[in-house]
Each structure stands twice: as structure tokens, then as C-alpha cells.
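Order as written gives the chain letters A, B, C, D and E; numbering starts at 1 within each chain.
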Amino acid sequence: MSTLLKVEGIDVFYGPAQALWGVSFEVAKGQLVSLVGTNGAGKTTTLRAICGLIEAKAGRIAWDGREISGLPVHEIMDLGVSLVPEGRQLFPKMTVEENLTIGSYLRRTKANRNRNLDWVYELFPRLSERRRQLAETMSGGEQQMLAIGRALMQEPKFLILDEPSLGLSPVLVQDIFRIIKDFHDRGLTTLLVEQNVSQTLQLVDYAYVIENGRIIMEGKGRDLADNPKVKEAYLGF
Amino acid sequence: MAEPILRLENVSKAFGGLKAVNQVSFDVSEGEIVGLIGPNGAGKTTVFNLISGYDPPTEGSISFNGCEISGRKPYELAAVGIGRTFQIVKPFAGLSVLDNVTVASYLRYPAQRDARRKAREVLEFIGMGDRADMPAAGLTLAGRKRLEIGKALALEPKLILLDEVVAGLNPTEADQTVQLILSIRKSGVTTLIVEHIMRVIMGISHRVVVLNYGSLIAQGAPEEVARNPQVIEAYLGESK
Amino acid sequence: MKRIFLIGVLVLGMVLPGVALAQDAFKIGVVTSLSGDLATGGNVTKRGYDLWAKDVNARGGIEIQGKKYPVRLVYGDDQSQAAQAASAAERLSVQEKVDCVLGPYASGVTLAAAPVLEKYKIPMITGSAESPLIWRQNPPFKYTFGTIPPVNFTGSGVIKSLKALPDGPKTAVIYGTNDAFSKATAEAFQATAEKEGIKVLKFNIIPVKQDMTPLMSAAKALNPDLIAFGGHDEELINLVKALVQIDFTPRFLLMHYGVTEPAFIEALKKNADGVLGGSVWNVNMDIKGQIGWPTAKAYADAAMAEYKVPSDYTQAGCSAAGLAFEAALKQLAVPPPLDEAARTKLVSILEKIDIQTFYGRVKFAEEGEFYHSNAGLTPFTVQILDGKEMVVAPVGLAQAKLLYPLKPWKQR
Amino acid sequence: MPDTVWKKCVVVAGLAVFLLSFPLLVRDAFLLRLFTEALMWIGLAITWDLIAGYIGYLNFGHGVFFGFGAYTTTILFTKANLPFALSLAIGGGVAALAALIIGWPVLRLRGAYFAIATWAFGRAIMQLALVLDVTGGPDGMRLPPFLNPHFFAYVMLALVGATYIVLWVLLERAPFGLKLKAIREDESGSLAIGLNPAKLKLQALVLSAAPAGLIGGVYAYWITFIDPSSVFGDLVTDQAVVMAVFGGLGTLIGPAIGAVFFLTFKTYFWAYLSDFQVLYLIILGVAIAACVVFLPDGIWGAVTRRQEGRRALRKGLSLNQRAAAPPAHPSAAGTSVRPSVRPRDGEEE
Amino acid sequence: MLTLLPQAIIDGLLLGGIYLTVSIGFSLAYGVLHIIDFAVGEWIMLGAFLGLYLTAWTGWDAMLFLPAVFVVFAVVGWFTQPLIQRVTSGAKGRPVLMALVFTFGLALTFRGAAQTVFGIFTHSLPTELAAGSWYWELGPFMMTVPLVRLAGLVYALAITVGLTYLLKRTDLGLAIRAVAQHKDAAGLMGVNIQRTNAVVYSLYVGISAMTGVFIGAIISLNSGMGPDLSLFAFFVVVLAGMGYLPGVPWASFLLGLIQSFFLIFFNPSWTLLAVFTVLFLILLVSPTGLFRKGV
């Protein structure tokens, strides 16, 4: 399996405060990898650095062997990276359909816009029913579907999901996890960031544990799930 | 059981058409630590906002020490004896740690000198005496959360509402905060706490109130609640 | 300790006196609006004063007891603000120790500067401030003079000359913008019109820089013979454009001051033709000067050579103010610097002075509502004819026949 | 500690002696005028700063209070023939009353809306002064000249000195100042600790309006002439704003330094360099921009490293929360679990 | 006087059209870039002077130069935007303030430079439309519609409709709205934020400069005209609700109608008093603009 994304020793700062300290990890093609950790551990920051939303002061990020740190966000997206951000980050004053349409803003996906729309609607019939509704008026679960749908419109080669289960009812959480697994089965490379550690670790191929801006542990998902240290620190009960 | 210090009766809150809190009733007795739990979006913070006067309830009544308080302003409730913290911590970032607490102590100690003395006492109590002159903006998350508690304590409340004061802390910090909560309770302050980390809630609460989608689905002793199938399904979600 | 250092630096900055060079020249202060809202007019006054200074110095200066003393102008910008006018007057008096002062463009700032100059007993001649307020003060400003007669003096003459026409206006609509000068102009128009038996259908004061189309619509509905308007250059242009746009041509269109400004004709081109105004001076007048420029034409040419713009009566009035000082100083025959007694004497000389200049006669009124303003001039009516400003009344001064009614805008 | 207290006492005493003796030592009336004018602007800048720097509300109608004082004093003094001192006192009272009346509705507005509303109010009042008869309309009003520079220097000194001391005690020594700062930092959070922001803000506005009104009254008598644009015009506020921002918001010494600095520059520029008047606009523009870029806390903030200035401005100019509240701290950024789209949040917009 | 009612409405709407031209680009720039551009009046002034010089040079009708003025200033805007971008992103966390102050400095500089280069006098832009008008009489009512003002209104509405179409119906518009609503998320959609910002700013500057040609033709122009226009633009945008584009026409027309009604039916000297009082009261009643849709 070849490495798709390789993060090597990145340091990230917010103003004078350092948020990430030499974070390194990699994701191979077709893998489902997870980054777990508590609130404020640096997961979202790591993802922002990968997508070019924040600059890494040190270290490098490579995509398919090519250095991408320093590229503007839109160019990184053009490579085939898609992020479903924490808190969805939809465009609140746009309709569902507009939110999806802008997913295919990139030139390489524009031609397939209608086909992809149909596909996403098929995948999430809820969205199809509400295509004229403003995103801000939708429930949390619908918004999450929309955020995922929007990312799929980008025809990602590498899908990053940041806390997709946040704020969703348990039934919906199961749905989301099922979708993730489904994509994984189809061969989509995925990086999943979750607070819901136990369930995530059951699902993924490989996982990294991040704490206070540092990767402190890594291993196969199920191995980590059984690791008492992880349990004690993060599973709570 | 002692006379309830706080009583919610059929309290509802709607934002537009959405009912964030729906017909919730529960009591908190003097001296208790009560945990308020529920999945994200269950309405916990809204309940806090209702009790502390940030939002008026759409219907129902809230009484504190036997007096109806629904619809009263937060600063009036602070004067009556309700202190609260915020989930998203709001220190007065431009002020020093000491000033943050001092400005809260004016409620009981209008004179500058007394307020300062009280503020230092509170800082000692929450273990931040050494950081008094630091700007609040420079505190770590744990420090900020602790300062939030300090500000609420400086009001000398009878009831304190703690909104996720442990979430986001590392285990050591979390333990320190739990100790702090226990010592607050020991000093005679009734505590209503919202927390995500079940270990904390289950460990320190006398009673637990469970919300889901704005409605109260269970209340009782922690062990009891933890066995409640409705709670397990809604909250723990491990339906496998 | 940084605080002390900072304060020290600031104090030093404040206390450092203005550099005053002793020299054999008359030091004449200029308090006018070089910046701020009134900068347009203020800079016209500055041109007038500068031109005089340049001229007198080219002639070698003012001759006192056989020796010629040049003049040196010292500027104090009032920034179009009353407080700064007082401040500038005080600085020129105390630090620069000026012998006399050439005054501001507008009346508001003049009212603030005048008391300060009274206090130091420094005579001031303003070549521009036309508001009657300055001369109406009680007690009056003894040290303040003006070469331009106030608008209530000039404005009334124009209305009278229109009324005297065989088919003069019978009805009028009168507007003025809400600043001291324009309002006084409009009020002068109104008072004279009523006195002369012209029916005033509507009299309104409108905010400064207000769009006037709706106002002109209202006027059009009344269909008056005469529209009279008191305002400044920009507003005059806007008013004519509003009339053109709603296609209403009154038989007479009268404005004041601004029509004589070159920008008025330049901006409106053929639509400026036929517009009437009141004035006391223009380039084409046949006037002989005893002091300074020999004729109005000579002055206009000199101004054109210097500034590349045609001169108007404000600028001319300012140059004439300089000439008045020149004549009075010569008569005073005291070499600079002037002490308080000399300056007081200068005032009594000014009160008596009666000279002929390129601008016309300068003779300050000694009493009454026009106290210390120039009573030597005959106000006249001008009309823009073929892009030129021509005197059309009274008969004695007229260079052309008053053309009326106004040619409809659409036929131009 | 006692050592610095002693030093401070020396500085304050020295300053007091300097201020009190300056009018006596200086014979030059123009310098006295500058001295008086500097004091006046210090007074206007610190009273503006009370609202801006301490609570974070940018009041672009501060000049209204100045104008209310000036006109009330003038009308009572010249038309009702009241003694000047009494006219002045009533003028200050009217300004305070105006603040009380408009304060309640206006202080509910936030950020740019507050700024615009106060500006609109100022403009409306200026128009009112232009159309009323009692104010003399555009002709303005004259007061009998009483051109005693020492009198005005000392009156202004007494007035601004007293204002400074009162504000210093209230803002830096008494609980009031800390309460206002708490409101500036987090208005909604301040409710929870028992503060009533509406009441405190109104008190502060009245406290800022009354001295401004008194200063306006003294100004009128000093300059001997007022008209709507000179006392109600944007310039009064704008100049106070520039001085306060330049000197450093949220402190009392900052605006005072800014006032002296700005006025000195301005006076000397116009006195000796007015041939380059075009440069003035450019210098001013560049200086303001550079000040905010390089000295966001003003001169005083840069010296003392106090950051009140930028905090106050950030709040006062916040047009929407997104633009105004960036993640200030990594952990805070991480904890923010608030989704950008909130299905249940109906309280805003 | 009631016979003037239709005329008052027409005059008000036409005047509103002028305010609309002044504010629409400004509102767009604020809505997307989150900057209050104090230089809006100066852009208008500079556009008007370019129009003046072009007409003086060629002797043609001012209206013919609208595209040229737009193109020139769109290019200027394109190159100015990165400068503003750099200033605003230089110091973290204060973009609004930095932009405000920077554009304020820019405005002062433009004005100072214009006074030196163009002088202080008032000018007018020549156009054949200026003399034209339509006139009707309907019973007791008479109405005059000045063509040049009508052209101004049509221009304003065309710009409004054009911008609305751009924003609602094109991919570029989608990208612009995305940047306005959520910058980071827009980047994640592959939108080149920097370029989108530059496009918006250059559109805004181009539109404002074209507006200058209309204002110069309808009213007049001089180097000091900027601040008043900026204030009115600000006024309209606040009344509309900051960042709420659909509110701008209504706020503009309201402003125009207040003026025409006061000038025709009430005491004209109270016109501006009424205007500012209305703004003040509306903000008190509805703190985020007429439609409560401002941010």
C-alpha cells in the first residue's frame, strides 16, 4: 500500500501559543485512519494544517510524495482532499442545493455536477426532499448529511471527517458511522477524527492518539481500543 | 429530604418553533450536587440559561428558595444567590485574574478594599493565588475554567451552576477540578453541574437529571440512572 | 520616568516661540480659510492678498518718509473654524506682532477673529466677508473693515433693477441655503421683493448641499416669474442643473456671488447664459485706479498671468483691501513696526480714507448698519451673456442690455 | 512599593505645580490659548474615552454634549441674562440630561450600529440648531468678549482638572472602573456576576456628557462666537477620537497625551507649514493608519504595554462576531464546539 | 399641493436611485470582504474626474465613457485589494478595524491629492441626456421625469439586478457568497479566496467610479465631494442592515422619498433634520436595519 498523505513533524502556533508539537503520521491509500483525543488536544488544528487553513511553522506535509505545505487551500482541495469540518461549516444562507452545487466548484468536478447531485440525493434522500430549504433551518443531523454530501460533490480521493458525530442523536451517529464504513469498503481513503473513541477505534484500520498537541500513541484500531491506558484517559467510563 | 432550594415546574423554552426545553420539572435540595446530563443538544445549557436568567422561559415556573424567579434578570439572580459558569469560558480577558474575581465580589462587598480581600480569599480557595496578577488572557484552558468558578464563587452564591468545567482538561487537571467542586459543596454551596464526562458526574453527583431532546427522561441516583434502559439508549447509544 | 520625559518634550515644543525676524518691512497677517469646508473661497481671498503683496513689492514697497518698505504677508489658516480663527489672530498678534491683518473669507470666522484683534488694537480689512452680521454688532468692531459691501446692500439693488424693467417680474420664489451668507442673501432678496411689490410665492431656507430637484418641481408648479437663490458656487450649479432637468425656465433666474465665479460658466456652459447675479466689480468695468493697477483690465490680466484663472470680485475685493492698507500706511507715514498708537491712528485714517482703485472707490461707512463696510461702491446687476459676465444694470454702468425672458433650456 | 508611590507623588505634584504656574509664568497670550485649548481637548478626549476605552462603545455623537453645553450656556447668558457661572452649570446639566434621555435606547445598540446611531443623533441635533430661531440658526451666536486669557486658562484648568480627578478616582480607584471594563470585555458575561450593564453604561454616558457640556460652555465664552458647525460639527468628536486613539484608549493619561501631541502638531503645522496643506491630510491619514498598525494601544499603551486600546476598539467596531472574535488561544479554539450553523439558536438575527 | 404628489414620488425615487448607485457597490464590498471602505466617496470622485477629463479631451457625451471608467477603476481596484488584504491580515485579529483605518487614510490621501491635481472648483459632466425630460399632464397632476436622472435610476437598478444575477445564478456568485458566509469553508470548496476578494473589490471600485460619472452628470463634481457621499453610503447600508444587499434599494428609496416629501410638502429646511432623525429612530426600533437582517 502506498502512502497518500504523510505528515512529518509539524509545529503549529496560534499567535505566540504553540498548539502542535512535531506531529507526524501517515495515511495509506484506501485506509481508514483515525486521530483521537480529547477536546482541545489539537485534532482540529492538525486537520486545518493539512488543508492549508493554517500554516505549519516547521515540518512538512506531503501528498502522494509531493510537498504541499504552503499551498493555498483551494489548490490542496484541487488535489482531491475534502474536509467535512467540525461543526459542519455550511453556508447558512444558501439552500441545500446551492451548498451541494458549490461542492462542485472545482473545474475537475464541474462536468459531473448533475450526475454527482443525483448521486448525493440518492445517498441522502432527506436532502433531496429539502433541496430548496436554507441550510440554517435544517436539523443537526440533516446538516451533517449535507456537509458530507457537499464533500462528496468534490469527488474526493481523500476524505477527512472532523467529529461527524458531534451533536447527533445516537441513531444518526450509527447512520454516519455506517456511511463511513461503506465508503471505506468502496476504497475511499479516509481520515476520521472523533471524540467518540470507543466506537471509532472499533471501526478504523489504524489510529493515532493525540494529547496536548503531541501524538502519544499509535497502533491498529482494535489494539488501541484494548489498551488500558487509552481507556483510562479517554473513555471515561 | 431537605426543602428544595431550586424547583423547576413544567418549564419550557422555545426558540422560534423549536422547543429546546420541553416541560421539564425537577428539584435541587440544599447542599446537594446534582448532575444534569444528556447528549449534545439535549437542552442542558438552555436549562442553565433559564435558571440564571439569560433566557426567560416560554412557560412554566422556576423558584429559588421558594420565590418565583422566572423572567428576572441575571444580575438580579446573582444578587439573590445564583452563580454560574459558562461552557465557553468567558474570562474578562483584558483584566488580571485578581480583577476578574474582584469585579464579581463587588456584589457582596461594595468597598474596594473588602472586595479585593474577598477576591484574594477566593483565589486562594481555587488554588490560583499565585496567578493573581497575571492577565486572564494568558491562562490555560484549565486556568480559565477555574477562574470561571472563582468568579461565580466570589458572588457568595447559595446555588452554583457549573457548565462543563471539566471537559477538555487532562486527567490531572480534571481531578483537581473535581476536588474543587467537592470542597465547594463542603462549604455549603448547592451545585448543579452539567458535564460530558460521565466519570465525573457519576462520581460526585448525589442525583442525576437526564435530558434528551429537551425533555426530562430520567432522574435519580447515578447508579439508578445508569441502569435505566431509556438513558442507556439515548445517551450511551451503544445499541449493539 | 518616561512620563516626565514625554511631558518635557511636549512643553518644549509648545514654548518654542515663533521665529520673529526683525526687518524693514510691514508685516501683514492674513487670517483666512486655507483648509476646511471653506477652503475654496479662502484660497480665492489668498490669491487676492498675494497678488496685492506681489504688486506692491514689485513697485518697491510702501514709501514712508522717503524710504520704501516692502510688505511681508504672514498667514494664519483658520481651517474654516471659529476657534482656529481666534487662535490664528492671537498668534499673529502676539507672536508675529503683525502691523495689520487682512481678514477671512467667511463671516463666522471673522466674528471669532475680530474680538481678538480689537483686544490688541490691530486693524483688519477683510476683502470678502459679506454677511451683514459683522457690521451689525453692538458694540461695533472698531478695528474691522471690509471692502465688499454686505449682501443686504448688494442684493437689494439687483431686485430693484429687475423691478425697474418694463416687463419686470411680478411673482417670485426665493430660496437660500442654510449658511449665514446665503440665508442673509435670500432674506435680502425677500425683503426687497416685498418692498418693491413683487409677490413672493414661496420663501424657503434649505439645508446646505441639498439636492434641489424636488424643490424645483414645487417651484415649477407655482410658475413664478423670478427664481432668486442665495447659495455658494456648487449649489448654484446644482440649482441650474435641477431646473434644466425638470425643464422649467422662469423668466428671470437670479443668484448671487457664485455666478461671477469662472467655475459657474465653465461647468454650465450654455445653460449659464442669461443667469443674473449681483456684484460690485467685474473685469469689463471702466474704472481708473489711482493706486496699484490702473484699470480693472490690468488687474485681470495680472491675475490671469499669475494664476491662470479669470478673476472674480472676491479676489478683486481682497486685492483692494491691500490697496486700502497701502494708502492708509502711506498716509500714516510711520515706518514699521507700528506701535499701538500708530495702529490706532491707522484706524482713524482708514475711517477717513477715500481712494479710487481698479476695484472702484473704497470709502468705509462711518456709522449705521453698514458701519466700516465699503460704501464707496455701486452694486450692479450682472448677467451671463455668451459665456461672459456683463453688467446689465443700472443704466450708467451697463455694458449690455439685460436679456429677458430667459431662453428655454431645451432651445439652447 | 512605597518607593514608587513616593515617586508618583512627586510626579503628580510636579505636574500640578507646573499646570498651576504655567499661566502665571507665560506672558505670551498665544501660548496661553494653546494651553487652554490643550486642556479643553484633554477634557473632551478623556470623556470620550470613558465610553470608548472603558466600555468599548464608539460614540460618534460626543460633540452633541459639547454643543448642548455651549448653546445652553450662551442662550442663558446672553438672552436670559443669567450670570455666567449659573448658565454654565445649567449647560452642563442639560448635557447630562440629554445623555440620560438618549442613553437608554442608544446604548442597547452594538458595535457599528451604536456608532452610526450616535452620529445620526449628532447630525440631527446640528440640523435642529440650524433651523431654530433661539440658536440664531446658521448665523450662530455671539457672546460679549471677555478676553482674559488667564481667566479662561484657570477655568479650563479647574474644570478639566476636576474632571480628570473625578474620572481617575472613579475609574482607576473605585469599583466603577473595573465594572465598566468587565462590560467592555464581555457584556453578556458581566450579567452573571451581578452587574447591570444597562445602568452602568447609562451612568458612564452621563458622566462623560456633563463635563463635555461644561467644557462647551466655557468654550463659547472663550471664543465669543458659536455656530452649529463649530460646536455640533463632526470635527469636535472626530478630533477627540483621533486624540484618544492616538494616545491610547482605556486609560486616562493616554488620551491626555494624545490631545497634547495632536494639538501641538496641528497648531504648529498650520501655523508654519500651511503652504503644504495637502500634506496635512496625507500625513494625518498615514499617521492614523500607522498608529493603528504599529501602536494599536496608542502611545501610552506602547509605553506601558497596556492593551486596553485594542480591546476597546475591537468591541466598538465589531460588526459581526465572526470578524471580531478570532480564536485567541489554541485551547479555546479547540473547545469551541459551537457549530457555525445552529439549528436551535433563534435568539440572534 | 396634492397635485404634486406623483411628482414628489418620482423625484424621491429618482433621488433614491442616486443613493442606490452610491451604496450598492459599498454594500457588496462590506458584505463579502467585511470591510467598511471609507474611500467609497473618493472612488466616486476619482471616477467622476476621469469622466471629466475624458469628455474634455474628446468632446463626447459623458455616458459613452461609462465602460471605460469601469474598466480603468476595476483594474485599479484589482491592484488595490491585495494591499488592503496585506494591511488587514498583517496584525492578527483586527481586520475590520485595520481596513477601516487604512481606507480612511486612503480617502484622506486621495482627497488631498485630488485637491492638488484637480483644483477646488466645481465641475459638471456634459451629457445630451441632461436637457431631456418627459412631461405628462394627467388631469390636475403634472409630472416631469428628467431623462438623466431616469438613466441614473435605470443604471442603479441594472447594477442591482446584475449583481443579484451574478450572486444567485453563476458559479462566481456562488463562490462570492460562500466567501461572505464562511471564508474557511469556501476555501475548502476549492474557491480561491484571494481572487474572489479581488474580483469583488474590483467590481466595487469599478461600479463606484461609474457612479461618479452619473453623479457628475446629474449633480456636479469637485475634489471635496467624497466625504458626504461616503456618509450617505454608510447611512444607506446601515439603514438596509449591514451586509444585507436586498435591503439597499429600499433604504435608498426611503431616503430619497423623505427628502422629496419634506422639500415639496413640508418645511424644506427640516429635510436633513428629518433624514437623520429617521435614521436614528429606525436604529432604535430595529437595531440591525430596516429589515432586521443586518449582521
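The working rule: a contact is a pair of C-beta atoms (placed from the backbone, for glycine too) under 8 Å apart; a residue touches a chain by one contact, two chains touch by 3 or more.
Everything quoted here is computed from the prediction, not taken from an experiment.
Asker: Count the smallest number of chain-to-chain hops linking chain B with chain C, moving only between touching chains.
Answerer: Each step joins two touching chains, and the minimum needed here is 2.
Asker: Just grab the chain with the largest centre-to-centre distance to chain D, centres being mean Cα coordinates.
Answerer: Looking at centroid distances, A is the chain farthest away.
Asker: Please tell me the distance, in whole Å, between the geometric centres of chain A and chain B computed from their C-alpha atoms.
Answerer: Centre-to-centre distance between chain A and chain B: 33 Å.
Asker: Compute the distance, rounded to whole Å, between the mean C-alpha positions of chain A and chain D.
Answerer: 50
Asker: Using CA atom averages as chain centres, what separation in Å is found between chain B and chain E?
Answerer: Averaging C-alpha atoms per chain gives centres 50 Å apart.
Asker: By the touch rule stated above, which residues of chain D touch at least two different other chains?
Answerer: Correct list: 127, 130-131, 280, 328-329, 331, 334-338, 340, 343.
Asker: Do you know which chain C residues sit against two or more other chains?
Answerer: 39, 178, 205, 207
Asker: Quick one: which residues in chain A touch 2 or more of the other chains?
Answerer: 15, 39-40, 89-90, 92, 140, 166-167
Asker: Quick check on the complex: what are the chain C residues that touch chain D?
Answerer: Residue list for chain C touching chain D: 2-4, 6-7, 10-11, 13-15, 17-18, 34-35, 37, 39, 75-77, 79, 81-84, 86-88, 90-91, 93-95, 108, 111-112, 115-116, 118-119, 131, 133, 137, 178-180, 183-184, 205, 207.
Asker: Going by the contact rule at the top, pick out the chain C residues touching chain E in the complex.
Answerer: 39-40, 43, 175, 178, 204-207, 209-215, 217-218, 220-221, 233-234, 237-238, 241, 244-248, 261-263, 266-269, 409-410, 412
Asker: For the complex, which residues does chain E have touching chain C?
Answerer: So the residues of chain E in touch with chain C come to 1, 3-4, 7-8, 11-12, 14-15, 18, 115, 120-124, 126, 130-131, 133, 135, 142, 144, 146, 148-149, 218-220, 222, 224, 228, 259-261, 263-264, 267-269, 271-272.
Asker: List the residues on chain D that touch chain B in their complex, please.
Answerer: Going by the criterion above, the answer is residues 173-175, 178-179, 181-182, 184-186, 188-196, 250, 307-308, 311, 328-329, 331-332, 334-338, 343-347.
Asker: Considering only the defined contacts, which chain A positions touch chain E in the complex?
Answerer: So the residues of chain A touching chain E come out as 15, 51-53, 72-74, 77-78, 82-83, 85, 89-94, 98, 101-103, 105-106, 110, 150, 154.
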